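Please find the structures below.
Below are two complexes that have subunit A in common, paired first with subunit B and then with subunit C.
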Partner chain A sequence: MFEQGTFLYELWVSRWALLQGVGATVLISLLAILLGTILGVFVGLVLVYGRWASRFVVRMYVDFVRGTPVFVLVLASYYLLTQIGIQLTAFQAGLVALVVFCSTHVGENLRGALQSLPRGQTEAAKAIGLTFPQLFVYVLAPQALRQALPAWINTATEMVKASTLLSVISVAELMLATKQIVARNFMTLEFYLLAGLIYFLINYAIERAAKAAERRVALPS
Partner chain B sequence: MAQPILQIENLHKKFKDIEVLKGVDLALDTGDVVSIIGSSGSGKTTLLRCVNMLEEFHQGRILIDGEEIGYSGPQHKAKRESEIARQRAMTGMVFQQFNLFPHMTAQRNVTLGLTKVKKLPADEANAIAEKWLARVGLKDRRDHYPGQLSGGQQQRVAIARAVAMNPKVMLFDEVTSALDPELVNEVLSVIQDLATEGMTMLLVTHEMKFAFEVSDRVVFMNQGRIEEEGPPEELFRKPKSQRLAEFLKSSKF
Partner chain C sequence: MGYHLNFGVVWRNFDLLLSGLALGLGLAVVAIFIGCWIGLAAAFAMNSKHATWRRIASGYVTVFRNLPPYFLIVFAYFVLPRLGLTFGKIETFIVTLAIYGGAYLTEVFRGALLALPRGLREAGLAIGLTEWQTKAWLIIPVMLRNAFPSLGNNFISLFKDTSLAAAIAVPELTFYARKINTETFRVIEIWLVASLMYVAACYLIAAGLRFFERRLAIPR
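Now for the complex of A and B:
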């Protein structure tokens, strides 16, 4: 079909390796975003509503993680957790690092969104007799989530990009798959460009979907 | 005479070390319309906000329909949050900045308290909301979001949201101060309408003419105390205190 040595031939030969890499990248990113968001909501709530002690602990966690390169987090998760007796596969260790990273970003965004809501919203909700859980669910959360959405999309795309760092701990995601293909056929430019294009397409899809979601929840004015 | 619907006794309130209410006594019978006037910093808004526990206070009692609000007993022990939430629903409050929920339609703004606090079924809540939105002249705006309404319309929805809960006392906190001048009257006429119907109301206002027309009594506050209290004719025409006379002179009534 294709002559040996052409890009298309090499692409055909490595199609499964590439697809597996894409699959792994998507899976890692999705899990990191999902679990990181769940943990991040908890982080954000503690930052806003927690008592002094819990707020202090979570604040330290957030500042520490945000002040550390993701690369270092990935390595620490892979090598340090083993040292203290937690045996994780490379995939699991990488995922832990990304979830932790994601949670701090989601947590900070949510904190900012909640704290930016006018105090009058809480007061008006209290004035009609809503309890705090009620006013949070019906009044504060829907507004805060709308506000946090753009930053959350940004975090999601950051997670896809950060997943490339898992290649250094031998998780066979798209970056590592590409490296291995290039090591075999030496088509450095072609395959790294292809990988770049695939990452772009994944993030472009996320942004389009998220923009559609933003429009859906936008308030008419 | 039956017991007052709202009774404020010896109310003291501090912000840090500054005492902003220095012993306020005030009583409203059912159907009373009382306006509080005074310069900014006199404590009038704080007094209003104490009535529904948006501000805590440090001494004294507030009773609504005989029930002590926010605290219990001579130890001034704070009540549970759920209990305070229930008591807040006994009053309706309208704010200077409207504070409508921007992510809900006008209708939903009104039904939220009815379904979640009063636990009414949706159709009953909707019927009540429609009735009150019609009363404030916004029947055809019920599916609009606050962002699609003018300031005057928003404030009328806010009034509907508060009165729909069937409160024992309505509190109005400078409700026309954030409105363009041409929108003030539509809001005032709704309040006038409620007053005529016998709603018990406590208003903080800068609209002296309106306070004069709508009130049974006017209260002049100065530096955390009630300086003078009486029927509007007396208070506005024959002020006893020097400060009130000065205040009225400066407020172009």
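Now for the complex of A and C:
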């Protein structure tokens, strides 16, 4: 079963390269969603509560990023940041692109959730004398998070999908690892199918988590 | 730093960039056209009486929604030829994008079909149309009008995904941007202009879609 030249043998030989690839894909996606969420919450809050000047700037940022394909963001970040004197590794440059991409998704999602809350909630909170921070923390945020949660989990799928693009700028995540393994053993079909299976399993798990969250947070009707 | 902006190179190659943008739009239009047929078939299959059809359709949606589009394109372009299936770059890309987009369109159409009143089909059958005539002349037109806004959003995201065609050397906008980038090193200018072109195209498509959305909306 483990003779040289069989798939299982080649799989065993390249196990560390594959595991590193999967690890890099997961790490990139996790970091992108974590940092992107921090930035995205800021983006969403400015879009809803900012003064018009800051709102205008952030709106431009969101529309610009959302109108640009992720692939262009990744390439631009890779070539451009070095040019303006920011020395980053390919990994970091790709991560910057994904964080920016993620922040606009999270920001828009949060904006939608906050603005969908009925005005009466704010009015009632003001009527009982809550200050704005209290209003936000005790009244608006819990309800908005409930609404935003399923879409937020789905953003993780987008990040996993977008992480494949980092292979183009020589980050050894799962796609590039597969490409390198295949270049050595020529088992193109087998190893790409394996990569596809891994991507599917990661994203399927995220999708199930989002569906479960959706059921969990649904208001009883 | 010592970097001085100079858009000269970009303007001299602007016709290339424009042709790339036009090709990207063309790819997206053909892909969504094919994807709509796939999506329609799969959406009807999902509402079918037969469990086998439902299972095939939902399997298709689950698998293709959860695979990265870049993976699909690399797979179609570098792996399928090793099985003896060789197609041109552009054909491969369009079909791959159509199958990927079709999975999302299936969900759109399925939702729109479920939202239709039952009376519609019953009315069609009552005036003597066959099951297929009812689908073609009543159900699909009404459903498409309802699905139009989501269809438009999917078109915009498929258009953005055409940038992936650069990875298999289809000469669209991202491909030319990369080419000019490596040839001239006018890094900031070229990426700024290329992304502005994408943004402008997306904006114009969205504005056009909103116009048609108002025209097509079912008056209430």
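Heads up, the rule we're going with is that the second predicted complex is superposed on the first by the 205 of 221 C-alpha atoms of A that agree within 3 Å, B and C clash if a C-alpha of one lies under 4 Å from a C-alpha of the other, contacts with A are read in each partner's own complex, and residues count from 1 in each chain.
The definition used in the following text is that a contact is a pair of C-beta atoms (placed from the backbone, for glycine too) under 8 Å apart; a residue touches a chain by one contact, two chains touch by 3 or more.
This is a predicted model, so every value here is computed, not measured.
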item: Superposition on subunit A - do subunit B and subunit C clash or fit; value: fit
item: Subunit B versus subunit C as contact partner of A:M175, first or second or both or neither; value: second
item: Touched partner set for A:A76, first subunit B, second subunit C, both or neither; value: second
item: First (subunit B), second (subunit C), both or neither touched by A:V160; value: second
item: Partner chain in contact with A:R55 - subunit B first, subunit C second, else both or neither; value: neither
item: Touched partner set for A:A127, first subunit B, second subunit C, both or neither; value: first
item: Computed vertex angle (subunit A) for partners subunit B and subunit C, CA, steps of 10°; value: 100
item: Between subunit B and subunit C, more extensive residue contact with subunit A; value: C
item: Which superposed partner A:T68 touches (first subunit B, second subunit C, both, neither); value: second
item: Distance in angstrom between the closest Cα atoms of subunit C and subunit B, superposition on A; value: 25
item: Contacting residues of subunit A [partner subunit C, same complex]; value: 63-64, 66-73, 75-76, 79-80, 83-85, 157, 160-165, 167-168, 175, 179, 188-189, 192, 195-196, 199-200, 203-204, 207
item: Subunit B partner contacts - residues on subunit A that touch it in the complex; value: 118, 120-121, 123-132, 134, 138-139, 142-143, 146, 219-221
item: Residues of subunit B touching subunit A in the complex; value: 52-54, 81-82, 85-86, 88-89, 91-93, 95, 97, 99-103, 112-113, 116-117, 144-145, 147-148, 158, 161-162, 165
item: Interface residues, subunit C side, partner subunit A - complex; value: 1, 3, 62-63, 65-71, 74-75, 78-79, 82-83, 160-164, 166-167, 174, 177-178, 181, 187-188, 191, 194-195, 198-203
